[in-house]
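A, B, C, D and E label the chains in the order they appear, each numbered from 1.
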Amino acid sequence: MTETLFLQFATAILFIPLISFLVLIFFGKKLSDKSAIVGSGLIGSTLLLSLIIFFSKINYFHNQTFEYTFTWVDFGYYDSKINLGIMIDNMTAIMLVVVTLVSFLVHLFSISYMKGDIRYSRYFAFLGIFSFSMLGIVLADNFFMIYVFWELVGLSSYLLIGHWYEKTSAANASKKAFIVNRVGDVGMFTGIMILWSTFGTLDFEKIFSLMSLGVIPFESTVWLTAAGLLIFCGAVGKSAQFPLHVWLPDAMEGPTPVSALIHAATMVAAGVYLIARVFPIFTADALIVIAYIGAITAFVSATIAIAQYDIKKVLAYSTVSQLGYMVMSLGVGGFTSGFFHLVTHAAFKAGLFLGSGSVIFAMHHVLHHHNDHHTDPQDIRNMGGLKNKMPITFWTFLIFTLAISGVPLTSGFLSKDDILAGTLAFSDLTGHTIIPIIAFTVAGMTAFYMFRVLILTFMGSHADSHRIDGIHESPWQMTTPLIIFAALSLFFFYSPNPTNASEGWFYSAVVRPETAVPENVSASSIESFEEAVHHNHGKAITLSLLIAGLGILISFATYYWKKISADKILNMFPKTFKFLNMKWYFDELYDKTVVWFTMTTAKVLAWFDFKIIDGLVNGTASVTKSTAFGSGKFDNVVVDGIVNLTAYTFGFFGLIIRTIQTGKVQTYLAFAIVGALMIFFFFN
Amino acid sequence: MNNNFLNIGILTWMTFIPVVGMIAVLLVPKEQKTTIRWISLGATIVQLIFSVIIYTNFDRSLAGVNNAATMQFVERYSWIDIKSVEWFGRIHIEYFLGIDGISVPMVLLTALISFVAVLSSWSIEKSIKGYFALLLLLDTGMMGVFVSLDFFLFYVFWEIMLLPMYFLIGIWGGPRREYAAIKFFIYTLFGSVLMLLVLIALYFSVSIPDASTGELVHTFDMIAMMNPANYEANSLLFGLNTSWRYIAYVGLFIGFAIKVPIFPFHTWLPDAHVEAPTAISVILAGVLLKMGTYGLMRVAMPIFPDAAIYYLYPLAFLGFINIVYGALCAMAQTDFKKLIAYSSVSHMGIVLLGMAALNTQGMIGAMFQMFNHGTITAMLFLIVGVIYDRTHTRGLNDFGGLMNQMPKYSAIMVIAFFAALGLPGLSGFVSEVFSFLGAFQTFRWITIASTLGIVLTAGYMLWTLQRVFLGELPEKWKSLTDINNRELIMLVPLAIIVILLGVYPTPILDLMNASANELVDFIKGENNLTILGQ
Amino acid sequence: MLEQVYNSLQFIKPELILVGTLLVSIIVDLIFKNKKVVVAFVILGLVLSFYYLTFLNSINQLIFFNMYAIDPFAYFFKIFLLVATIGIVLFSVLSKEISDLKSREGEFYYFLVALTIGMFLMTSSTNLIMMYLAIELTSLTSYMLAGFMKEEKSSSEASLKYVLYGAFSSGMMLYGISIIYGLTGSFDLLAINMAIADGVSSLALLISTVLMFVGFGYKISAVPFHFWTPDVYEGSPISVTTILSVASKAAGFSMLMRTAKIMFIDPYAAPTVNDWQIIDSVPIVEILTILSVLTMTLGNLVAIWQSNLKRLLAYSSIAHAGYLLLGVLTMNNEGYSATLIYFVTYLFMNVGAFLIVMLVSNKLNSSDIDSYKGLGMKSPFIGVMFALFLISLTGLPPTAGFVGKLYIFAALVNKKLILLAVIGVLNSVVSLYYYVRIFRNMFLRESDIETPEIKLSLAEKLLILVFAIPTIGLGLYFAPLVEFAHASVEIFSGN
Amino acid sequence: MLNLYDYIFYFFAIVILGSSFVVVFSRNIVHSAFALLFTFFGVAGFYVLLSADFLAITQLLVYVGGILVLLLFGVMLTNNIVNVEIKSGTMQTLPASLIAALIAGLLCGIFYVSNWYLVPTTPELLNNTTAVAIGYAFITTWILPFEVASVVLLVAMIGAVIIARREKAPEVE
Amino acid sequence: MTFTVSLNHFIFVSAILFSLGIYAVLTRRNAIMVLMGIELILNSANINFVAFSRYAGMDVNGHLAAIFVIFLAACEAAVALAIVLNIYKQFNTVNVDEVSTMKD
């Protein structure tokens, strides 16, 4: 592999999905069922290329960064130009594999999952454009390109969520996703504007190096922090962080594989990737904010996840919660662990979604078979005892659940543990003890609600068991991806030591970059942080195991052994439950405030525009009519076209003046004399 | 390549070919409707071909703006030369055409939009002869504005457009056409008379030495007006930063602002758009609005750089108001056309913001946004026209689920909508980003506030998309037919341009680069001023 | 003394020819039953007069013991008046109203000649009594012309109102003249000027000026002396309305401009090229300003409400008098020449507009705005031509009306009277509104009742084109007009 | 002290003003017309006082002999003989009286404070007849107005005839 | 103010006569009465001319002006009366305010 070859491969990886999109969008109708093959095949080839890049990069070009840049727009002035370019470092290589792998498996899964859909080919086309956009983010070497693909990802997400746009809920959800994302994007764009006006370039490398030389926005560290936080806004939107997390659960209106791909593994992870990518520009203050946002997100969504019955909603909130984890991790300085969690989470959360997809698919079929259209195929209360009917799904789902709960021997344990250690280290270094407290609480809650799902779905027996008579395992296209993801959720892919990830290849491949911000505002140094992590490692393992075990235990006690009555607890705290079930009323809050305010302003302004601004010019017919004797002629003139108040006013004066045109010549003469006298007295 | 054909300059051809077409149309008996249509189309196609020639022959390295020597395709003939009496001085009005990077995108846009407009007028049946004659006259007026460098000539072309527009809206428009037409007419005339006064003031203040005799000659030459050395001492507009110059700038500004339209002079626009027939809406939004901003760039700012700098902040602020106010108003509309009309208000705000930035990115962004808004809004109006032709309603709530019924149409529509909301990969994005990037350097907070418009635009655009295309198809539209070939011919080229420029904007950007930089340098450098906010 | 009389005669050949034409026509009218013969004689006389007039183009001197000025300024107006009169004679030939006069038709034409004589005298007089005589000659003829359709109630009424208003106004003016005479002991403008410059009682001067302005104001129908205008314009035959609104107004203006310049310019001030020094004691500019603003504003505002086109055009012509006064009040060569330019453009567009109103009322027997509904579609030629004249009246390029307005506003801006210029342009925006109502009816509306298509004869079309071509042509190329006007603002004894 | 000249002046002034009051205020139009006769006489008397002998004669001839008779004819022709009522109404009397009073006061005030163009006169000039000077002026300095007046007269004469004459019944064509 | 007659005495009479004329013109409904009012105005102007002429060294110009005025008054009266007669024929009245078919 040479540098050129790397770049050529990377370019190919970027554009093959686009080709897939174009082919399918234009010839999809003709290809019909074959479009799935075309799409999967093309994505499969990108997976191959990604693997090649990944292995050669990790193994042979460990410390090198490959970059290709070209000028996209040249303003022809003071060397100000906007470049586009791709960059391959280890993080990119890893992300390429993650994205293409999940994408490929989701393609595969979708072949049967989406069978018979009226827009089958378009679905794969949209998967193609999503992959293209996502890979664009991954490969970007500058803010501009990342922003471009950032938006494109939003578009593809919009298209895929709204795949079943006949459903109002789907249409609404897609719109909501796009707009909420846009809010974050605008923040990011503002950040980009700050950087552009400071550095005159948007290339990562140039900005970092200029910043290390002491160039900071508007010579103010406040602006520097602001720039970081504004860029972070993009991540808040895409990674569904509090307070912009509201779109992600709604996004479950899309087909389940889409949820797995976009809303679990890749797109939502893009925010985390972005934070990691531009990590050098964050000041200590910015990082603290990031950490807190992550922590709040993790906590809030975990509490919500506990109170949901829709299997996908639970997973969605769990995703939000885990993303909060990652963001928090990056915020506390656990760069590698945060990114690592992104990767491991991608595998098991995609697996979880696909697993749930498999369940829903099966449920849907069986319900359809029974002509039951009232039962919600996604409600876990309607499931239960699927373990034996769908063994592969169950066992893989179990592995994913263990991984997300952070049980040893899973990849999740590795990454989560490291994050927890990081939070402890952070609290040691800065005194923000609330962060680790939240982190551990959330870990316990995660274990609890994930096992709740697992138990309610697969274990026990369903009271209404005839309803799921005839349910059976999903076809191989669906189970194969599950198995692959399950395998990837085990520890040995990442580290030889099941208790310590830092011995694996990942930790040597992904290293926290040096900060570029001035020393007085930078976070604690890498060394001191590493040391604190090391110091807290044992404590973290112990605590996390304890807490995860506790969560699992309570879960079993409640839902399996029924030692604790969930209903009783619910009855004890109905309002709390309602509060959690209704997702802390975020949607309602936003509806009542932001949306209401916007719509009201819009209406008021439209009214204002029509009545006042236009009215200033127009005058309302009634006012004029009442002042102008309401003669039929006047009405005619008004309705027919005296158009503006100015003209109305003028016209009105005209009307007054013309009353002196009485037709009596002596009156005229009187006016003439009076006029002459007035002129005389005026100048006298 | 020679830029003359039959010894007549290419810009003259561009400008007056529609008049030739008009005369031809008038000579054809009114029963031969097809001939009339084809003559009109022919005229615009020829214009389009000339515009391609201009595009290929345009020298990208020449800046123009305030330098007559670097203007291109120049045609300069004496038109009116008065040298009778000594007390009046000598007065010279020229037939002076020429283009630079500021005007060339507008010339291309005008040719393109005129062509599209003729195509979209194919289904007009009422008094077709008069319709096409007026449309072609309008075309001449628009083209003339963009190519003339003599202020008097500019003004004449500017005013020539009014009457055809009045009739086109008034005769072929919707139910409230008379109201809309006269509103447009009076509003624009109000603006242009103020411009007239400034024009007069300039003409008395500026004089240049005659090439041969050396005597001072009063002139309408815009380029001469840009040079402070040409102002006669003690004339009204002599000097820099005088209150007369500020007043004159404001006068010009109002004249152009009405055309843009800038809040609070915008209320003619929703009415005119709603009532105008499709093709006229397309021209109105696609070309006419640009005249306002073009005028600011070509006339107001370079002639009064001092005042332009002085009023930079209000300009940016008006840009902000336009963006947010237009978007909010659009959000509350239930009439498809009105919504798009307000979206134009919002999008033209971006042009203002970019212009006010007074730096390279901002200026290029603004100029590019002018071009892009022209193509995108043209598409949007055509789209509304297509559906209005079929359903005779524009109520957004009357539709739904058209996506399945009219897939080709929907695809085009999605492109247009996403281009309008500034999706990357489509041209609207590029210009929007440039404008904002530029504006931020000059006006930090205003620009940040203006980004609100980006979200709002997404909001109303997607909401509209949903209301029209998504959801269940109402029973009454089950028999709607998809877009036909003629409609595709007018929409697809626009869509291609939108995508192409979104991916690779350089073909247009390199036309205006040199001029935009020169313009910025000139306005700033003239005063050696520090810009507000920096 | 008699030599001077003899020498003076050669300069008034045009006037003498007109008097001769008048006398010959009277006799011809008695002899011939066919009144077209009178028309032929009248046109012949006017053309002959025109021919002799052209020899006077560069003469600048006073004749008849300083009673009468032969100068470029008067030359310009005389050319203007002859062109207008010839146009209106042709115009009247096509008029149904006039040919319906039968036995009085011939008299109508030689009264036009008498009117022209009166107006010639107005433009050249430099003596107050001479001016008074000229006004009376013009007025007496106009009274009779206005009431020429004496069987028509409206025409009779117009002439009664006109005569009462006119006689009263000229009485007021005369009283003003008498006061001036008391103050200066002279009727000669130059002598009065010297006397005023030497200082006279200012109050008496002011009242006499104001009283004189009653006379001028009535002649040019400036507010508040305009009241007769709408009623008389509406009631009179359209050809008479046209000549009153164009020629008679021009004569009034020429007299006003001459008086203003000769009487009120400081003869002791150092001669400046373009800016005239006004004698301090008389607020002449201020009076003109007030008159002008009132005139155009009121004319435009009230015109909005008119539904009879003759009446609408009457108010519009009041408004135009306001614009013309804008040119006068600048009190410099530039403003004066702008006024002259405006007059020329006004001639073509206004006569053109009236011509179309007349042709339409010939056919439809109505000049109500509602009868124009759908006209533009049914008779495109009339529609387009009328639209052209109306655009020109509004002052949009590329028509002559624009050039006229351009120079008026140019004069104002150059004199730094920006506020007045703004008022002026805003007025032209207002004026658009009522002109557009006519377009709207012609093109945007369908006729309620079945109206016949209006077929025009070739002669009628040609005559329309005679006015239409300069209306557009002067808009595109106006250099000669401007040069002519510039050359014409030299007034005897001026600079 | 008042001398004879003054008494004569006041006499004529009273005649003029008194009779013109009657003219203006009398309800009966015939009375007004006859009162106007006295006004004209009074004015002629003023002319005599002001040594304008020629003018005084002209005043009597033209006004009393011409215009007044014309007006009386007008009165007669326009009032139905059968109709005994020959009173004529008035309108807008209040504003008009205010205006008239204002003007009278204003003019008198202004006249009182103004300096007129005054040249001392010799008794010879006052006592000579003015006819010679007037006649000379008519054919020299005032020749143009004199000639123009003839045109005016011609036009007025023809015009008055045209307007006033009774048209023949329309011919059938 | 002295009672000895001077220029001012004449012109005071003229001023009053002038305003009486105006009053007549403005108030009398009968057209012929209006004409009489106008004659009063012309006479008042004539008194001025002659009086000023007398005190300006017997300037003959004032007399000439007065003659022209008398002469024009006659013309005007003739034409005006002709018009009034015609009005009487058309409207059967000579009351000015009743002759107003045209107004706004």
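As a convention for this text, a contact is a pair of C-beta atoms (placed from the backbone, for glycine too) under 8 Å apart; a residue touches a chain by one contact, two chains touch by 3 or more.
Note that the structure is predicted; figures quoted are calculated from it, not measured.
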{"item": "Chains contacting each of chain A and chain C, listed by label", "value": "B, D, E"}
{"item": "Intersection of contact partners for chain D and chain E", "value": "A, C"}
{"item": "Distance-maximising chain from chain B - centres being C-alpha averages", "value": "D"}
{"item": "Chain centroid nearest the full-protein CA centroid", "value": "B"}
{"item": "Per Cα centroids, the chain farthest from chain C", "value": "A"}
{"item": "Mean-CA-position distance for chain E and chain C (Å)", "value": "27"}
{"item": "Centre-of-Cα separation between chain D and chain A, whole angstrom", "value": "102"}
{"item": "Centre distance in Å when chain B and chain D are each reduced to the mean of their C-alpha atoms", "value": "71"}
{"item": "CA centroid of chain A to CA centroid of chain E, Å", "value": "96"}
{"item": "Residues within chain B bordering two or more other chains", "value": "178, 182, 186"}
{"item": "Junction residues of chain C, two or more chains touched", "value": "129, 133, 136, 140, 143-144, 147, 150-151, 159-161, 164, 168, 172, 182, 185, 203, 207, 230-231, 302, 305, 433, 440"}
{"item": "Residues of chain D engaged with two or more neighbouring chains", "value": "91-92, 95-96, 99, 103, 106-107, 111, 116-117, 119, 142, 145, 149, 152, 156, 159, 163"}
{"item": "All pairs of touching chains, each written as two labels joined by a dash", "value": "A-B, A-C, A-D, A-E, B-C, C-D, C-E, D-E"}
{"item": "List of chain E residues in touch with chain D within their complex", "value": "3-5, 7-13, 15-24, 26-33, 35-37, 39-40, 43, 46-47, 50-61, 63-64, 66-68, 70-79, 81-86, 88, 94-95, 97"}
{"item": "Of chain B, residues touching chain C in the complex", "value": "79-82, 84-88, 91, 127, 130, 155-156, 159-160, 162-163, 166-167, 170-171, 177-178, 181-182, 185-186, 189-190, 193-194, 196-197, 200-201, 203-204, 236, 247"}
{"item": "Interface residues, chain A side, partner chain E - complex", "value": "658-659, 661-666, 669-670, 673"}
{"item": "Contacting residues of chain C [partner chain A, same complex]", "value": "160-161, 164-165, 168-169, 172, 203, 206-207, 210-211, 213-214, 217-218, 223-225, 227-228, 230-231, 283, 286-287, 290, 298, 300-305, 307, 430, 433, 437, 440"}
{"item": "Complex contact set, residues of chain C against chain E", "value": "129, 132-133, 136, 140, 143-144, 147, 150-151, 153-154, 156-161, 163-164, 167-168, 171-172, 174-175, 177-179, 181-182, 185-187, 230-231, 234-235, 302, 305-306"}
